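Take a look at the structure below.
Letters are used for the chains, namely A, B, C, D, E and F, taken in the order the chains are written, and counting of residues starts over at 1 for each.
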Amino acid sequence: MNPLETAKKIKSMEIRGALEIALAAVESLRDYTKGYRGSTFIRDLEKQASLLKKSRPTAVSLPNAVDYVLYLAKHHDRQELPELIDKFMKEQREALFKLSKIGAKRIEDGDIILTHCNSTAVLETIREAAKTKRIHVICTETRPRNQGYLTASYLAKHKIPVTLILDSAVRSAIEHFGVKKILIGADTVAANGAVANKIGTSQIASIAHEFNIPFMVATETIKFSPQTFLGNLIEIEEREHTEIRPKMRGVTMWNPAFDFTPPEYIDIIITEDGIISPHMAYTILKEKFGWELK
Amino acid sequence: MNPLETAKKIKSMEIRGALEIALAAVESLRDYTKGYRGSTFIRDLEKQASLLKKSRPTAVSLPNAVDYVLYLAKHHDRQELPELIDKFMKEQREALFKLSKIGAKRIEDGDIILTHCNSTAVLETIREAAKTKRIHVICTETRPRNQGYLTASYLAKHKIPVTLILDSAVRSAIEHFGVKKILIGADTVAANGAVANKIGTSQIASIAHEFNIPFMVATETIKFSPQTFLGNLIEIEEREHTEIRPKMRGVTMWNPAFDFTPPEYIDIIITEDGIISPHMAYTILKEKFGWELK
Amino acid sequence: MNPLETAKKIKSMEIRGALEIALAAVESLRDYTKGYRGSTFIRDLEKQASLLKKSRPTAVSLPNAVDYVLYLAKHHDRQELPELIDKFMKEQREALFKLSKIGAKRIEDGDIILTHCNSTAVLETIREAAKTKRIHVICTETRPRNQGYLTASYLAKHKIPVTLILDSAVRSAIEHFGVKKILIGADTVAANGAVANKIGTSQIASIAHEFNIPFMVATETIKFSPQTFLGNLIEIEEREHTEIRPKMRGVTMWNPAFDFTPPEYIDIIITEDGIISPHMAYTILKEKFGWELK
Amino acid sequence: MNPLETAKKIKSMEIRGALEIALAAVESLRDYTKGYRGSTFIRDLEKQASLLKKSRPTAVSLPNAVDYVLYLAKHHDRQELPELIDKFMKEQREALFKLSKIGAKRIEDGDIILTHCNSTAVLETIREAAKTKRIHVICTETRPRNQGYLTASYLAKHKIPVTLILDSAVRSAIEHFGVKKILIGADTVAANGAVANKIGTSQIASIAHEFNIPFMVATETIKFSPQTFLGNLIEIEEREHTEIRPKMRGVTMWNPAFDFTPPEYIDIIITEDGIISPHMAYTILKEKFGWELK
Amino acid sequence: MNPLETAKKIKSMEIRGALEIALAAVESLRDYTKGYRGSTFIRDLEKQASLLKKSRPTAVSLPNAVDYVLYLAKHHDRQELPELIDKFMKEQREALFKLSKIGAKRIEDGDIILTHCNSTAVLETIREAAKTKRIHVICTETRPRNQGYLTASYLAKHKIPVTLILDSAVRSAIEHFGVKKILIGADTVAANGAVANKIGTSQIASIAHEFNIPFMVATETIKFSPQTFLGNLIEIEEREHTEIRPKMRGVTMWNPAFDFTPPEYIDIIITEDGIISPHMAYTILKEKFGWELK
Amino acid sequence: MNPLETAKKIKSMEIRGALEIALAAVESLRDYTKGYRGSTFIRDLEKQASLLKKSRPTAVSLPNAVDYVLYLAKHHDRQELPELIDKFMKEQREALFKLSKIGAKRIEDGDIILTHCNSTAVLETIREAAKTKRIHVICTETRPRNQGYLTASYLAKHKIPVTLILDSAVRSAIEHFGVKKILIGADTVAANGAVANKIGTSQIASIAHEFNIPFMVATETIKFSPQTFLGNLIEIEEREHTEIRPKMRGVTMWNPAFDFTPPEYIDIIITEDGIISPHMAYTILKEKFGWELK
């Protein structure tokens, strides 16, 4: 598929999910490279890249992946590029698997784990751990779109004990069930280690801190945001109020899609490369996306 | 109405609301007293009282009010009793009004106030304050029964600016809107100053504490629980899971009706008698319900 | 002196100091009572009382003392009143002495004590303690009126070692000198135990809390405010900007006279009646000024 | 037994235990009253009282009990005194029983409770609760005199599951076992709610606070210290270094007998009269020992 | 200018300001290099470097810059050196500009920002942000030398709304104005991320932490101290007491020039290279001044 | 000595101490290399390495050192290996000395320092500092094996003032003596900066945090654990209960050898390479043991 079509499918949400979007984009750049017959390759590739990046402005994996291809293009022979892109795609596909293996070691037999929303990194880590350990998962409803129902169903399907609670019952559940760990995904990780994730995440982190319960984030490094290192703020998307309920006369509504959890509330970030302190986000950014920061 | 009928209507929820239940019960005892023709008054009155108290075991205003009538009966002439009960009922009816006058002084022009659920004491206090001050109210949805919609409608009807948010957006809203105060009602106040209220209250209190924002509780003193002074724990009612959503295969649900906010997270309790530290709950109990503690 | 003249001298600041104002006012009421020849005593006394209370609206000792005289007048024979007022005045004069004796027991040999502004209750307590114990006092400059210079001079005159620091050096001084206790006066104590005192007090309390150093307030009970129990907020006086410095073009200035220290940062309040938790403020108010709260 | 002999036996530790000492002292005053034939009763009784109080200067129950007898003597007829003393003794003997009934209600089925040292009030409360609930007790060794061994043995004898740990393993045990509550006794309760108890108590309280685990103190009200209200500091007894180990050349040792837990780390104090906030200590002192504070 | 003359002008404070001193020093080394005709270049250059470093022992930019020139001299041909020094000087001159561009992105429309003292990095960042956003700045007086007046004047001159407050009014101002961010400069950044800055900074940081308000430091990386990595403590300069006020008989004064803000109170450090967690100070030191640490 | 014999002596504890074990192991590999005559060197060396690593599974220095030799073997000529191993051994032997020089700079004249257990890194740092500064050391008994006695003896032998306290007296000692710093060793440092050390360490760290006292860890970098970066949990060794006391009927005992101190309670880690934030552990791991993480 060429970059233009891919960008369209990303825009129309035919292609969805942070990883799928990023992979589709770089794949289209690989195909574009293979088929390229012109003489201004880098300039033309940059145009395609720009097109792809605009197709979903709020994602972070997408520009990270696209910019990496540009970096490869500038530092390697054009002939090598398709193979290098394939290698990169393979690594990204394996990241989740590696991450879940590493994260699963952090879960102990008998653990009671609270999660929020519906994170693939979290679910794969729990499934991996549940192969050898008894785990009880508490999951929140996650209003307004109730992704917690998906989480609960998935775990139930895999025979992992799961209890569904209201978003407002987190603090009570921590005391009632004796929650041992919090495990949550990430939309984006900022340069200072702050984590942007589904609305409600930061208040769970604050309460975990109140009870001194480990708060762990599971995420691939491709979600780390190099732009924040240069000062850019991650903009909080405000979603349609109708997600909450139909319009009420005289009542305004505020429906932010995610919030920020400060690094001091995060004990570890579990990545495919290993376990890090959130304060190390900059180092990860440098190692992985150093080319971006120039 | 006689106590038996009253107890039935309380049980069937024909009579509802903490104050209405308590008043209906003591009124029926007043009528019983007026019509009494026997010779073992106190013993007979105690039977009626017991019947009424059993009609709603989880309320606290009901036994407080009924026990007060028993106390009056033991320390006064039977002829005086109806008038004393009328006086008590009048005081209870006025409590809300007094409380709102006192509480309104604590709200300043320009305040942004967050509330949870749907508390009459809170709404009356805000209405009173809004007569002379500009106030913006942030109110939570309050899953699972969405009492926040009632709160938002009521305020909108009275032309008080109100913004409805998700239960999981409290921490974000505090930062986004610059919330100045939290004002919340109470189901029961325990002897050590802990407040039982709608599920979600304690996590709002914890977050208010994180940001050092005043957390204020508005409640009539009849909701203070003398039994807790004697060690009794307030039992947390677990409600039907269907309030959350229909049954899901393999998934358990946990739906507690309320939670406990510890006194160290409560700055003041606004009562009809004045403003107190939560640590003074025992003193209030002694002054108001001392007869109960013997 | 009659109440009218007394009120004038209070207004013109000929009579100054919280205690001196209160005593002059009640003394004038005593003289008024002695010389009274009319037939509507209570009503006339109330007029005089009102006149006196208006002479300095921000003080708290003044209305407390005047209202107490009104209370005495209503519950005793007019003939007894002058003697009762004399007794009250004597108690107030002795309060400082009693307080300093009680507070001095809380200071240990070798203590390093930090204070702010220039509080008689603090200075008398330190002098009393210094009779038998070695004490080193750290005192802040207390901008904008530099009352810390008075504190330093007074202590130096009494041969008590004293070090003067900048208001911004409190946190450093705590670490550098190993400060053991903070001892500070009060303008007013609110019903929930919050203390209004010279601007800067609350940030010293916050820093004492950070290092877990006891923060002690020394004040006579006549400074407890019954009005706050009824919800009234203590208004923060904003003083002339010229106290900071002459006008600067394009620059606004903000010069509040005092701030509020929340009760959770106050370990004990030392009064002439004994040592209390700030959360007991309501009890003190009831015992001392119960007549006021009806 | 007469007061002189009683005082000797207290001094020689033939009579031991806070309650036993207090009861023996007041019993000897009762006998002295019964046999009194002189004409300066109050003065003579005061001498006996003084003698008894000096027999163990660091206790608080002893002077509290003796001063109460003096108070009774001054306000009642000498003939009534023996009976009043008997009544007081009976109340004190029943206090422990009442307290354990009240405290047991605060323990829930399945609780894991950590305790320190060897407190009768704690053990009786646990035994009472264990009649109907499953409880697991974690108890510390309590160096240097290892009273934890007595606690462990006592609980084991009563078939209550108990795990003995080192004093330094408290924080680890809280996480490892999921400790739900801390329950500890008291030597003395000060006017501001601070609790003096066996060395190590305050660091357990600090760690409980870190994990937001309820910290409960069980103690009879006779251990509340009226003297602290007047500013007196409770002196920390330094015990013989040989309790730690034999002398080491060039090494000093420091062996304080107890420490102070500040009121903000104490959730509730369980007394025979009911459950209170530590901030209410002054109110308890006034109600129980008000005669002492004049 | 040759190194000797430059050192003299630094000593006499003819050349002042951290950056100006550093640049003058390296410029003199460049000129020295250009004019060098001897045969023991490195040894001679080291002597000049040592001379320059001694001219202001407490600065950190000066030795950082001089040592970097030595490093360049050892790793490059002498002919290349002048050009490399020019490049370094250019980078340092641009650092402030880059930093302000990055930092300005962290300021949002409507922000109320509190600052202390008079930091060029802070002022340039605010000016940059104020080009497109509405900002209100609160600035402290900054006793004893009142650099806050300079800050206020500068902002007023640039039409940026500014309010001047006392150093003791920081906590009150945070509540009164609803301060959103703290932005402060740095004298030196230590290897563990602690920041040395004007006396008063650490207590502002502590109070920002109390209210959970972001505390941001703006500083060029040349102020990071490699020596602290090797254990060296940054010595706190004690300035003349006359800066506070004239001598007072019997009163000592303590006038430290700056204090340390621990890394846990610092959210981000804004540098010309990007935004980092203070915990990353070591990484910055290694990248920038790695040559120094051997 | 050959690897087999060395492994035996490690197992039998003839060779003890983290550093001695590691050095003996690599020395045996050096000798093995020197004497090697076969043709499958790497494979054979790996077998020897595996044998050595199994001899003490809980140590971290041992596998770190052995794996480093394997890494050297794979990247260098066999002939160079013995010399490279000698160089590595020399560095390890010097690490303690370097660390103590760096750490000693962090101790100031007049410091009162609390330590726990018996750490060579701590003792050498204190001895180095005591050459030029007055220091008073408080050391805990460190039950169950009382290593505090060794610490006290060692310091006394070197004429450094030392006071021995109970493990439960740490919080009291901090207040009583005015402890200025905590200095403690480490068994292992995890990838997120958490420190495993003798049971009791984490509760000292928690209390240091309560009083805002610097908590410093002194340890060689060879104790940093690369495995934790890959998710592996450090297993807590449970030691024989008889270390506490003989068996008690009906009583279980729990005797963990060490605990984990979270990075937020650790101000700095002093290593032979310099002073770092605990959050930098990953960077140290990468620099030192990067070869291990592939």
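Just so it is clear, a residue touches a chain if its C-beta (ideal position, glycine included) is under 8 Å from a C-beta of that chain, and two chains touch if they have at least 3 such contacts.
In this text, all values refer to a predicted model and were calculated from it rather than measured experimentally.
Chains making contact with subunit A as well as with subunit C: B, D, E, F.
Shared residue numbers account for over half of those found at the interface formed by subunit D and subunit F, and the copies are therefore classed as meeting with the same residues. More contacting C-beta pairs link the chains of A-B than the other of the two pairs A-B and B-E.
Matching E-F against the pairs in C-D, D-F or C-F identifies C-D as its interface repeat (over half of contact pairs the same by residue number). Distance between chain centres (mean CA atoms), subunit B to subunit F: 57 Å.
Between subunit B and subunit C the centroid-to-centroid distance comes to 37 Å (mean Cα coordinates, whole Å).
Across the assembly, subunit A contributes 210, 264, 277, 279-280, 283 as residues in contact with two or more other chains. The touch graph of these protein chains has some other shape, matching none of line, ring, star or complete. Listed by chain label, the pairs that touch are A-B, A-D, A-E, A-F, B-C, B-D, B-E, C-D, C-E, C-F, D-F, E-F. Residues 178, 180, 210-212 of subunit E are the ones that touch subunit B when the two sit in their complex. Those residues of subunit E that touch subunit A in the shared complex are 101-106, 108, 264, 267-268, 270, 274-277, 279-280, 283. Residues 140-144, 146, 149, 152-153, 155-157, 159, 161-173, 176-177, 199-200, 202-203, 206-207, 210, 236, 244-245, 248-256, 259 of subunit A are the ones that touch subunit B when the two sit in their complex.
Contacts from subunit D toward subunit C in the complex involve residues 191-193, 228-233, 262-264, 277-283, 293.
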